[in-house]
Structure formats: structure tokens, C-alpha cells
Amino acid sequence: MAPISYHLILSGILFTIGVMGVLLRRNTIIIFMAIELMLNAVNLSFVALARHLGSMDGQLIVLFVMAVAAAEAAVGLAIILMVFRNKETINADELKLMRW
Amino acid sequence: MIKLPPVNWLSLLPAIIPAFTGILVLCWDLGMKNEERHRLAWLGILGLAITAVVSFCLLGRNEPAFNGSYTLDSYAMFFNLIFCLAGILTFLMSIQYLHTSDIHAGEYYALILFAIVGMVVMAAATDLVNIFLGLETMSIAVYVLAGIWRQRLQSNEAALKYFLLGAFASGFLLYGIALLYGATGSIQLGKIAMHVNEHGASTILLIGVAMLIVGFGFKVAAAPFHVWTPDVYEGAPTTITAFMAVGVKAAAFAAFARVFLHTLGGIHGQWEGILWVLAVLTMTVGNITALVQNNVKRMLAYSSIAHAGYLLVAMVAGKELGGAALMYYLVAYGLMNLGAFGVIIAVGRRGEPNEEFADFAGLGFRYPLLALAMTVFMLSLTGIPPLVGFVGKFYIFSAAVKAGYLWLAVIGVLNSVISAYYYIRVIVSMYMHEGDKVPEKLSARPALAVAILIAAVGTIWLGVFPSASMALSRLSFLALG
Amino acid sequence: MDLLTFFMLAVPLVLFAAVVILHPSPVYSAMSLVVVMSFLALYFFFLDAHMLGWFQIIVYAGSIMVLFLFVIMLLNLQNDPQEHQQPSLRTASRIGGAVLIAELVFLFSRSSSSEKAAAELPEGFGTVVALSEKLFTDFLIPFEITSILLLIAAVGAVVLAKR
Amino acid sequence: MEHAHATAQALSLSLSVSYLRYIPLFPLLGVLFNIFLGHRLGRKAVNIVSPGMVFLSFLVSLHAFWNLPEGGRLVDTMWLWISSGTLHVDFALQVDQLSAMMILVVTGVGFLIHVYSTGYMAHDHDVARYFAYLNLFTASMLLLVLGENLLLLFVGWEGVGLCSYLLIGFWYTDDEKASAGKKAFIVNRVGDAGFLLGLFLLFWTLGESNVWTLSFSTIQQHIAAVPAEVATVICLLLFVGAAGKSAQIPLYVWLPDAMAGPTPVSALIHAATMVTAGIYMIARLNFLYALSPTALSVVATVGAATAFFAATIGLVQTDIKKVLAYSTVSQLGYMFLALGVGAYTAGVFHLMTHAFFKALLFLGAGSVIHGMSDEQDITKMGGLKSKMPVTFWTFFIACLAIAGVPGLSGFFSKDLILEEAYASPLGSPMLWLVGTIGAGMTAFYMFRLLFVTFFGENRASHEVQHHIHESPASMTVPLAILAVLSIVGGYFPLLHFLSPLFGEHHEPHVAPLIKYLPTVVGLGGIALAYVMYVLNPAIADNMARGLSAFHKLLFNKYYIDEIYDAVIVRPIVGMSNWLWKVWDAIVIDGTVNGAAHTMEANGSLLRLWQNGNVQNYALSFLIGAMAILGYYLW
Amino acid sequence: MVSAVIFLPLLAAVLLLFMAKEEEELARRFALGVALVTFVISLGLLVNFDSSKADFQFVERVPWIADFGIHYYVGVDGISLFLVLLTTFLVPIVLLASWDVHSRVKEYLFFFLMLETGMLGALVALDLFLFYVFWEVMLIPMYFLIGVWGGARRIYAAIKFLLYTMVGSLLMLVAILYLAYLHNAQYGAVTFDLLQLYNLKIPEQTQLWLFAAFALSFAIKVPLFPFHTWLPDAHVEAPTGGSVILAGVLLKMGTYGFLRFALPLFPDAAHAAVPTIMALSVIGIIYGALVAMVQPDLKKLVAYSSVSHLGFVMLGMFAFNMQGIAGSVYQMLNHGISTGALFLLVGVVYERRHTRLISDYGGLWKQMPVYASVFLVTMLSSIGLPGLNGFVGEFLIMLGAFKANVWAGAFAVSGVVLGAVYMLWMYQRVIFGELKHEENKKLTDLSPREIAIFTPLLALMLLMGLYPQPFLTRMEKSIEATLARVERKTAVVQVEPVEPPPVQVVAER
């Protein structure tokens, strides 16, 4: 049986890839996808821990996380759409209206 | 067959009322003509008022409900009072604000009410999942609210930035929750506390705590994670900025304090060093950057970061006095900031927002009352006695000194001197510069006047006679157990 | 879940995750994200979280990713060239990512010392019955809050995105 | 004469009375009258009231003088002035032999000068203010002399300093006169600083043996409590004060400039009364000075040196008042010489006689200036003998007196001093010799002044000559009275009168040569002056050309003023400028503003981090997370 | 009674706000009336003040914040009695002098009365928290007075004044908190009550830190030598009334703070700090005098003269003997009166000529004789001429300082000389000399109102010079008590002075 730390390391790696995605890509949607990836990484660790601890709580949390992710996706994409409609671009580094 | 668990309706009441009012507002909004939109606001205020009364009555009782995942204790009720205060004042300010900006009144008020539901849940949750869900409810509502003034580009950009970073941070928070769950085997704060007190901190737990600090750090606008605050506060509509600055920060601190001071109190030694550094960094960054701002709203954003720093000092001061100081300071901070934002709205004219220092020029002697209110807020934010800001700072610094963090108190005190400079700059421009910008007569906007009046009276009254409210905050923190 | 299956699933997961963030065309990223999610679903099955696996496929891969694809099509985005204005940002994030991975790996591997054997599972672990039974007893409050959450999301999305 | 000092003399009778307070009170009333009613009631009332008040206090002084108990004193304690902790000072006045003599001189000569002033200031419109100051001066001088304790003496001491400042700068419109007044006050203040330090040291040394007092009688009783070397320091410090007030060597520079004030002022203040304050103080504290022979010898040497030094400058001065000023400095030097050798009675005796003839000389000079329509340069005068007979004769008598011609008052007091200087154990032949030469020079420059102004033909411009007239009665009558006093003054039985204070006076028996040489030298001086200035004036001019370098040095007063200015005044002003501009503005303010600017600079730096790019924010997020995780790594 | 004195001005200030903007005259009279009433009440304090008791009188104690053992605890003793009287005495005079302030009169009077409440409160507060509250409340009205009604660089001066004082006072706040919790550690209860904090046993090392915090805050206020740069700016820019109150009372807060809080609370640290503070005050005396000498601006000159005078006060205080402290308290009163009068005089001329440069004046005696003679008496009192009030204070201070440290006494005496130099030089350039400038010829002499301002001040200068006993006897006991606390020994009974020898006839007094 694969030790729990392997699962945690895998979820850590996925989580970091997500974080790198947020930082590297200019396109807001890709950033958003990277965030989804991070959430999935966390779901993975939840399930692994649930399995390890033998309690169902972990799995239920994943359920709720999915719900939250869905809600976020809806609102996030609506915002991205609104921004696109006003500024014709959704590249993160061009959205610098407010600074200093 | 699944038997329903015993439902403790009382503990849910403060959450149900605003939700119900929100839904009512949404429905009533359908059949309403444009100009009576302000009635929706009064409905919202009514709902919040009822919630406040209910919370006040429930103040004394301490009953864990839903076998440990939710609770009805005076700690939560105290925070409910803050949320209702913030909500009511935001509503009062919004009535006028919505005239000058084409925001859909119905959804606007409903979303604020739903955000308050999220906050109430966050404050009362004794279970990591509930905290997370309360936080997400509140955040999503506020992401939308930040972007609700669709015509203004700043508002769109603010919403986008807030959303992206919010989601990013809740990713960390969730990861922290997962690790905590993994380390202690349960997500209920009570069980985690027992586990931590017995077994101390394992590595996974520590990483989890670190991730939690990052997650909460973002929400509370602590130093390295504060970068979103100025842009979002400046971009969002002013009423929402006020709501965010007070309500969202209070809710975040409610959960932050419950998790760290109560549950992870056992391993105070481990995370107190980090918070110490965060507190110093937040105060200093907030104050120093605020020095060079020339937009009052953005300056207030940095000042709210600085005040988050002071609140972190209370967190570091820990159990005996820190928690009570934190709660009292949140009340004080709420009053002052809501008032200050109210005045900024009052100064703004039709449509184009003017929050530069120059717009305040010469206000002192043309609109004495408005200027007097702003002076009271600025002096209170600096921490000049006999106003509530001073009593709050006094409470926090005495907690820090009592807990032995002398240097933290000294740094805090020096920071408030730096803060004095940029707060006084507002007074300077009001009283000592000549100017011709003529804001609308205050009397033409009763609701806004009432909001500013409530905030000002609160700032002065709690400053001069603070003993009652201080005792209340101390008792309600003790209720945390 | 023995070691072999673990590696069988871990490697593609990491690969496709890398593709999501590296591939210039958003459509390819989206599709690779769908693949990542299905592998995850598979992963859940092996971890005795059968119901969750299905949920993963239906909710995540099904609805959310479709929404993404729909929005990508709506905005008909072109390939996003890799270059960044600030090379400094790029290098800094790479270093950051590397450091984060190193830290996590180091910390987790160190914690493996306090290894406890995986607890044996109660019967019906991971099935719908156990899941729903717990959902409506212990997790009633989160359930209710999620309902409000989704309501807000709907209202918000409409407010922001309508013409 | 052994300076028998009544060490263990039990203090005899102290009679408590309550009328002493009126002596200083009358002039004070005069002051109030002049300030508030003076202008309204006009010149006539002022001329009557002011001298009248001084005359009233003269009468009260006489009354006090008459029933002064034999060897005792009258005390009039008015109220408790300062009492804090162990310090206990009453506002009390006392009259003993020494004070009785002094108040008589002050009120007497003062009254005469007041009368003289009514004439002298006849055409000055600001008379009320003038007499207000003069009355205030008389009141402070009386307070100084009557003070029962050292602190009250100090009050009078600074009071007279103030009045001299006001009176010297009376014609304030002329900047040069105003700064002369300022110079006088500041130099006095330097002296007073020394006086204060001496007073503190005395108070605390007495305090060591639990004697908390400043009043003279109590100090005298417990004088044993003061150890010798501390007494020396106290006496020297007090002597600094005396030197400041009575214009001795280091601090005499203000007196010649003080001539800027009206002449009666110079007569009263810078001849008769104020400058004698130093001598009075040392005489008053004789029991203290007796303790330290070193201090006394310092007093003596400084006195002698000043006498000689001032006399040399006096030889060549051309301004009539400057000559008299330097002569005053020189005569004061003699008095200090007398005190220094322990002959207190001789010193005080000379003080009295000097008051009479020097006041006369100044008033005479005043009437000359008055007649010559404010011309003060003697080279432009001459031949006034015939035109101003009364002034001439009174002036002549005064010159005889000061030269020490036998029979007049000067002879008795000055020769007594010289004999004491020679005979007394503290004195030395060297002091006697310097004194004698000084006496010769005094005689010479006095008679030079007399001959140049009154003999020969008048060198003034025509219309000035036309105006020369004898002064009115109000000026000449006081001259006459003073002339009589200068003659008779020598015969007052003063030595016996002061015996209770300074011990029985014994004639110093000394070889006839020593006894009579000064008089011979004096007469020689007169003859020389006569030859040089009356017989053929040419000698004086070619003498001056002959040793012109020496003449120039003397004429410019050894450039003392310039030296003081360069050594003291300019550096202080320079330093304060430096302190203000560099230290205050740059160093302290610099750091304060600097701190503010660094804050601002950091602010603008931190601000740049906020560059609006979401990913930049996410990066700072990542950095924060890594830092926290790193914290847990170790 | 004490609370009435404190809060009456505040009440009046609030009432003023509701008055209509136009009736300036009514507002002025109302403010003046209230100030006079407060003065009369405070005279009541003087009348039934029992000078035989050392402890606080007219004590009022009401719990305020129960959690922290904070009480509204006020009381008056020998030291604070006269400072209260000085405040209530100066405010009506200043209000009378501000009759020619025409811009925004209502707010001007409001801030003045609020300032008076702040000052009075700070003087009588016996609870450290209450003291701190009043200490800060004092700052704001003064800030506004300088900032709104000031001269050209008023904003810079006002902010510099505020921030400078705030740095000090906030560090003091931390020290106060530390003290309170030290008391909690030793006696189990948190309290800010001064009397209880007096008998705290604080270890030497912590005492140094706490003393440093308190001393910094008060030294900035005094101002002691290195921290004085805010004073000239604040004085030059403040309106006449403002700088009179600033010099008259606000500066005394610093010295009063030392005497009431810093010295008795931390005796060992106070003893350790004596050399440094004495050195600083002596430097202050000489530095103030020297720099005053070269000032071209009248107000700056008087400001630096206050630095010099307050250097004296500090010197006397740190002599730690009866004469020194009595002298320093007395000198606080004198400085209030004479420097206050000096500023009023400068104000009179500034109102007419709107310039503060000495070179613009000259030969005023001919034009304004009454003004010149009042200026003469004030100047003499300020340089400490015997017979006027300045001398008594300076004499006692130098006497005490001389005993404590001979060299300090010697240098202090030189300060007296320098004092005469700069004052006389200024007097000569302003009053004596020719009437060169044309504008000076049109100057009018003192108006009846102005004379009414100066008569009480001159009368006090004379009275306090000739008959200081009523003041000194009342201070005696409280100073002895403070000294005992500073010496931390049982009160050393001063050996009674030796009575003069039995005089045949008892000298009646």
C-alpha cells in the first residue's frame, strides 16, 4: 500500500504546478484554470487522507469543494467576460489601471 | 433511513434572517420601478436591525450546536453586532450613492445581505469546513459587489484582481485545512484543539498552520499578502470599499482568532514568531506607503492595512487580553472607517468621484459639520484620546505589554506617529488650505448624514465611556473557552 | 492502492498538468485539464472513494470544464505567446515554484517517519450510502450554506455578465 | 597702627525702630509722582517735589543719625521676604555708624545735586522722566546702604546698576549714548555674577555649621565658622562684584563711557554714590576680609594699580568729563588701597571727602559745559576765570582738596591712606611709593584741567564766547555749599565715629619723610602744571610731540576698549551666529527633517512594488508563503 | 470644585459652536466671561488651600474604566495649585488680547477654551491614564491654533510641533502601560493611580528605561536642549494669543511632568540622570542666550529666551534640594508671566506693523512712551532684576544648583549675564535710537484695552518680586513630600534654622 506521504507529495507537486501556472501565463483564463488545478490537488490530498484515516469526512469536504469550485467558475468567468467586453483584452499584465 | 440530527434553530437564527431578507429583496425588486429602489435599502436595514436585536439577546448563551460544527456563543454574537453595524451603515450610505452611479439596486442590496450571511457563518463556525464555506460565500458575494459598477473600468479591474487572488488564496487556505485534517484526524476545532494539546505539533500540522496563515493573511490583508488591497479598495464603489474594509476584515479576524487563539492556542510558541513578524511588517508597510499617497481613498486602504497590523499585534498578545483587545479594536476600527468613507462619499459630487486631497481643500469652514466629523475620524484613527481609536490602541498595547512583547508595543507606537502625519494631512487640507469645490449640501442626503452621525457619535461615545464595551468584549472572548 | 498503480497514475497526472500551464493554445490547455481530472477520478476509485470519482467526472470534467471551453470559444482567444514583458517575473516565479516543490517534498518526506499504518476501512466506505448518510447528519450546515453560495454565484454571474 | 579688629566684640545694643523705612520710601514716592503726575503738573511741580522728597529723607536720616545708640544699631524689619527651606531672608533695614554716614552723604549730596539738576535741565523737555530716574536711583542707593542682609544689599546693588543704565542712556535718541548705558549695565552684571557666587559660597559654608543666615550681624557672630581658605575665595568673588561696581582694573571700562549721561548724573552716580558701593560692601564685610590676608593684599594691589593706571590716562585727556572720570577711577583705587591694607576707617573717610570734592568738580564742569553751550573739549575753552567767577573759585577749591593740599579735606584722608599703606603690616613701601606718585599725577592733571579751562584766553568760536555766562543761582548755590564741605569735610571726627565698627583708630607713627613727601610731590605737580600750561603753553605741545607714541597710547586709553571688543565681544557674537546657523538649523533640524524625509523616501520605494499587475501580487504571495514555510524548515 | 474649573471652559466651548457665525462680539464676550468665571473659581481653590498639608486636596475620584482600574482622579497640591492659577489667569488675558483676531473668531475661541480644559486637566490629573488623555487633548487645539491662524510657514510649524510632541508622548504611553503591569505583577491589580504607583519597587535597570521614556516626552515639551528646535518655529508662526499660552503654560507641562511623574516614580534613575540633565540644562541656558542674541526676529528671540529660562527651571529641579525645587516651581510662574507679557508686547507691535523684524523698529520710546515703559519693566523682570519676580526664582535656583554642583551654579550665573546682554541689545534696537522708519511715526500708543491687559501682569511681577511668601509657603510642604519621595528616605526633617541672638528688644515682624 503506497504510504500516505507519496500521495501528499504528488498533491504538493500538482499544487505547485498550479501556482506556477498562475504566475507564468498572461491569459486570465489560463490563470483561472491553474487555480482549478490547485483546488484539484487539494481534493486529491483530502481523499488520500480520508482513505488513510478511514473517516468519510475528507470525502465530504471534497464534495463541498467541488460545489465551491463550480460557483467560483461561474462568477469568475462572468467577471472575465465583463472585463473582456470593456477592455478587449484579458492579459493580466495589461490590466494596470490602478497602481502605486 | 437517515434520521435528521437535532437542529438548534436558535444558533442558526442570526444566519437565517439576513438570508431571508436577501431573498425578499430580490423578489420585491422584480416588480419595482426604478426610483423607489431606496425602499429596498430600508427593507435590508430592517432585516439587519432584527438580526442585531436577536444577536444582542442571544449574547449571554453558550450552546454548541450540530455536535460541535457550529455554535451559538457570545463571541459569535459580538461579531454579528459588528457585521450588522457595518451592513446598516453601508446600506444608509448606499441609498444616496446609488443615485449617482447606475448600479442595479436590487442585486446590490441582496448580495450585501448574502455576504453578511457568509460572515455570520464564519464567526459562528467551529468547524473548518463551515469556516471555509462561510468565507467562500462572503468572498464570492464581495467579488461580485466589487465589480458591480460595470461602467467604471476600475471597478471591473478591481473585481478581477480580487477574484483571482481570492481564489488563489483560498487554494492555500484549503490546503492548510487538508493538512490540519490529515494531522489531527478531524476537522472540528474542539477535537483539533484536544489533539494539539495532547500530541503537540507534527510537521504536517505545522505546514497546515503555515498555509492557514497564508490564507487568512490574504483575507485580513497582512503584510506580504496585502498587495491586492489598495487596488481593490480604490477600484470598488466606495460603499463596497467601506463594507469590505470593515465587514470582511472583521469576519476574517473572527475566524482567524477562533482558529489560532482558541484551537491552536496550545502551540502558541510555534506560530507566534511568524505573526510577530507579520504584524511589524504590516504596520510599517501600511503606514509608510500611506505617507506618499495623494488619493484619500487609496490612503485609507493603506491605513486599513496598517490597522490590520495593530490587530495582528493583538493576535500575537494572545489569550488573556489580546483577544478582547482584538474584538474591541474591530468595533473601534469599524466605526472610524465607515465614518471616514461616509464623508468621502459626501464630498463626492454627481458621478465623478473625487477623492484627491485637493478636493477636501477649504472644506473646514464651508461645511463645518462635515469637516468636524472627518476631523473626529482622522484623530480617532491616529489614536488621539478621548476618541475610541485611542482606547482601542491603548487596549491592544496594554495587552502586548502585559504579554511581554514590549518591543512590539514600541514599534506599534512609533507607527502611530507616522500614521499621524498622513491623517493630519487631511485635516491640513480641510482647514488650512483654500479651496472652492462645493460638495452637495449634506442636508440634501438624510441617510448619508445619519450614517456619518452614527459613526461619529459612536467614535466619541465609546472613546469617552469605554468601560461598558470593553467589559463586553472581554466577557465575550472568555466565552470562547 | 499499491505502488505500481500509484506511479501509473502519478506520472500522467503530472505530465498533463504541465501541459495545462505550458501549452500556448488555451484549447489544448483546457483539454489537458479535462484529462487531468479524469485521471484524478480514476485515482479516487483506487482510493475507495467511488462516489467521489463519479462526482469528479460529472461535476468537474463535465460541467466546469465545458463552461471553460464555452467561454474560450466565446472569446475566440488566439495562441498566447509565451513571452512576458517582465522576464524578471518569469524567472522569479520559476525559482519560487522550484523552492516550493523542494520545501513540500522535504517536509512531507520528513514527516513520513511518523508513519501510521492505514486504518482498516468500515464496510461501505466511499459508497453513496455512507456519503449521503454523513452529508445529512454531520454536515447539514455546510449543505445549507452551499445552497446560498450557489444562489449568490447565479445572481452574481447574471448581474455581471448580462448585456 | 595695628589693625585692631573687634573680633570678639560683643554686638551691643540693637534698637528696633519703625521709621527707617521712610528713608527709601520718600524718594520712591517721588518716583511714583513723577511717573504718573509729572507730565500733567508740569516742570515747576517736578522741580519742587523731587528734591523735596530727597530732603525729607535727609531729615529722617539726620533723625536716625542723632539717636543712634552709642556703638549700637537701629533695625527696622518690615516683612519676611523669602523663606524656602533653610533660607530665611527678611526685608529689613539697619542703620549703624557706617550706614549713618553713608545715608547722610547720599541724601545730602543727592539733595544738592537734585537742586543743581533743576537748573541744569532747565531747557530739557523730559524733566519728569529724568527726576523719576534720579529719585529711583536715590531710593536704590539708600536701600543698598541700609540693607540689613547681603541679599537686600544686592537688591540695591542691581537697582543702582539699572538706574545708571537708564540715566546714562537718558538722551536715548543718540545710539552711542544708549550703547554706553548698555555697556555699563552689562559690565556691572558681570561683576554681580561674581558677587552672587560669593554670596552662595558664603551661605552654604555657614550652612555647614548649621548657621542659616545672610544678615550681617549674624554672619559677624558666626564668622569663626568660615575656614580661612574658603573665606579667601568668598572675598575674592565679592571683590569681583566690587570691582565691577566701583570700576577697578578689569571692569573699569564702563565708567569713562558713562560720561555720556547728563553731568549731574555723573556727579551723583559716577562720583559720589554708586561707585562707592564696592567700598561700602567691603567695609561692611570687614570681619570676613579680616580672615584672609591674601584677599586683602589682592584688593590693595588692584587698588594701587588702578590708582596709578587711571592717573596716567587722565594726564592727556582733552574732554573735561573724561579727565574727571579717570580721576574718580584713580581715587577709588586709593580707597581700595586703604581697605586692602586694613585701614577701613581711612578708606571710608576718603570716600566721604572724595564724595564732596568730586561732586563739586563734576558740578563745576557741568556749569562750565552749561555756560559753553554744551562744549566739552577743554582745548576749545580757556579764560573762563573772569566770566564764571563762582564756578572758578569753587572749582579751584576742589582742585586744591583733591591734590591733597594741607588744610583741605583731601589732605587728611589721602595722606592718612598713604601713611597706613606704608605702616600697616599688610601694606608695603612699594604700595606707598605708587600711591605717592599717583598723588603727584593727580595734582598735575587736576591743575592742568584748571589752568587750561579757566586761564589764558578763550579759544571757543565767537558766538559761543558771546553766550558764556555764569550759571544761575540754583546751580551756583550747591557749588558753594559743596566747596564749604570740601574744606570742612576733613575735620569731621569720622575716625572716632566709626571706631565701634572698625576698632579704635591709632595714628600711624611713621618717619616724617614718609609723612610729608606726598604733600611735597603734590605741590610739585601743581607747580609743574602751572609752568607747562600757564607760563608758556608751548612746552605742553612739544612735550606731546616729543614722546608722541607714548602720548598716543595714553590718549587712546591703552586701547583697552578695542582689546575687550576683539577678545570678548566679537568671538561671542561669532559663536552664537555659528551656533544658530550651523548647529540649530543644520545639525538638529537636519536630523529631524531628515528622519521625515527617509520615511517619505521608503514610502515611495515601497509604493513601486504596487505596480498593478495581478501576477506581481501573486508573486509576493508566493514569497510570503515560502518565507513562512521556510520558518518551519529549521 | 476642581472638576468645575476643568470642564467649565469645555462646556462654554461646545456652547460657542452653536452660536451664529456673525455675532463675533457676543462670542468674544461670552468666552471672556467664562474664562473670568473659571479664574474666580480657581481663586476659590487658592483661598481654602491648606498649606500645612503635603498631600493632595480637593480630591475627586470616580471610577471610569473598571477593567483597568482607571479612575477619574483629580486633586491639587502645592505645586499644581499655582500652575492651575497661572493657566486660569493667562487665558482671560489672552482672550482679551485676541480682540483683534477677525478671521473665524468662533473657532478661535472654541479651540482656546478647549486648550484651557486640556491644560487644566493635565495639571490636576492624578491618574496616569487620565493625565495621558489630557496631555494629548492639549495638543490638538494648539495644533489648530498654530495651523489655521498662524503666519507664513504655519503648516510646517504646526505639523512639526505635533509630531515632535507625539513621538515623546507615545513612548511615555508604553512606559505607563509597563508601569501599570509592573504594579499588577507586584500587587496583583492593574492600576494607573499615581499614589499607588509611587510606592512601586522597580529594579534599577528597568527604572532607567522607564525614566528615559518619561524624560524624553517631558524634555521635548520643556524643551530641553537638543529637543528644542520646534519651539522657535511654533512660536514664530503661532498667533499672539497662541504663543503666549504656548510659552506661558504648555512649556510648563514638561517641567511639571518631570516634577510630578518622572522624579518621584523613578528616584534611583533620577539620581543617575542628574549629571546629564544638569549638563543639558546648563547648555540650554547658555545656548539659548547666545542664539537669542543674534536673532533678527523678535518672536524667535523671545522663544530662545524661553529655552534659556526653562534651562534654569530644569537646573533648579535637578538640584534635589528645597531651594532648587522651590525656585524652579516659582520660576515656572515667573516665566509664564514675564514671557507671556513679552509675547503680548510683541503682539501689540505686530498688530500695528505686521512685521517681527527688529530692524524694522527703532526709537519707539518717543512714539509710544507707555508701551516702552511697560516693555522696560517686562524686560527687567525677564532678565531677573532684583525687586521683580524673575530675581526671586533665579536666585533660589542658582542657590540650589550651586549647592548641588558648584560648576553648574557658576555656569548658571553666567547665564544671568548673557540674559542681560541679548535683552538689552534687543531693547536698545527696538526702543532707543532714532525714529528712522516712516511707518513707525504713525504708531499709536497702548489702547485702554491693551493697558487693561498689562496692568495685572505688571502688578503680579512687582508683587511676586517683593512679597513671594504666600506662594513659597504654600509650595513648601508638597515640595518636601516630593523631595522625600525622590530621596526615597523617610522625610528628612530640615534642622530648624538657628535663631538670631536674643535681641534686647524683640524685633516685631
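We call the chains A, B, C, D and E, going by the order they appear; numbering starts again at 1 in every chain.
One rule holds in what follows: a residue touches a chain if its C-beta (ideal position, glycine included) is under 8 Å from a C-beta of that chain, and two chains touch if they have at least 3 such contacts.
In this text the structure is predicted, and so the values were computed from the model without any measurement.
Of all chains in the assembly, those touching subunit B and also subunit E are D.
Note on connectivity: the fewest steps through touching chains from subunit C to subunit E is 2.
Here C-D and A-B are compared, and the pair linked by more C-beta contacts is A-B. Nearest to the overall CA centre, using the mean of each chain's CA atoms, is chain E. Put simply, the C-alpha centre of subunit B and that of subunit C have 31 angstrom between them. Subunit A and subunit C have Cα centroids separated by 7 Å.
Centre-to-centre separation between subunit A and subunit D, using Cα means, comes to 98 Å. Note on chain placement: the centre of subunit A and the centre of subunit E lie 66 Å apart, centres being C-alpha means. With touch defined as above, residues shared between interfaces to two or more other chains in subunit C number as follows: 86, 89, 92-93, 96-97, 100, 104, 107-108, 111, 138-139, 142, 146, 149, 152-153, 156, 158, 160. Residue positions 596, 607, 610, 612-616, 618-619, 622-623, 625, 629, 632 of subunit D are each in touch with at least two other chains. Multi-chain contact residues, meaning those touching two or more other chains, occur in subunit A at positions 4, 8, 15, 18-19, 22-23, 26, 31-32, 52-53, 57, 60, 64, 68, 71-72, 75, 79-80, 82, 92-93, 95, 97-99.
A list of each chain pair in contact follows: A-B, A-C, A-D, B-C, B-D, B-E, C-D, D-E. Residues 607-608, 610-615, 618-619, 622 of subunit D touch subunit A in their complex. The residues of subunit D lying in touch with subunit C in their complex are 613, 615-616, 619, 622-623, 625-626, 629-630, 632-633.
Considering their complex, residues 19, 22-23, 26, 31, 92-93, 95-100 of subunit A touch subunit D. On subunit E, the positions that touch subunit B within their shared complex are 63-68, 104, 107, 129, 132-133, 136-137, 139-140, 143-144, 147-148, 154-155, 158-159, 162-163, 166-167, 170-171, 173-174, 177-178, 180-181, 184. Residue ranges on subunit D touching subunit B, taken from their complex, read 596, 599-600, 602-604, 606-607, 609-610, 612, 614, 616-618, 620-621, 623-625, 627-629, 631-632.
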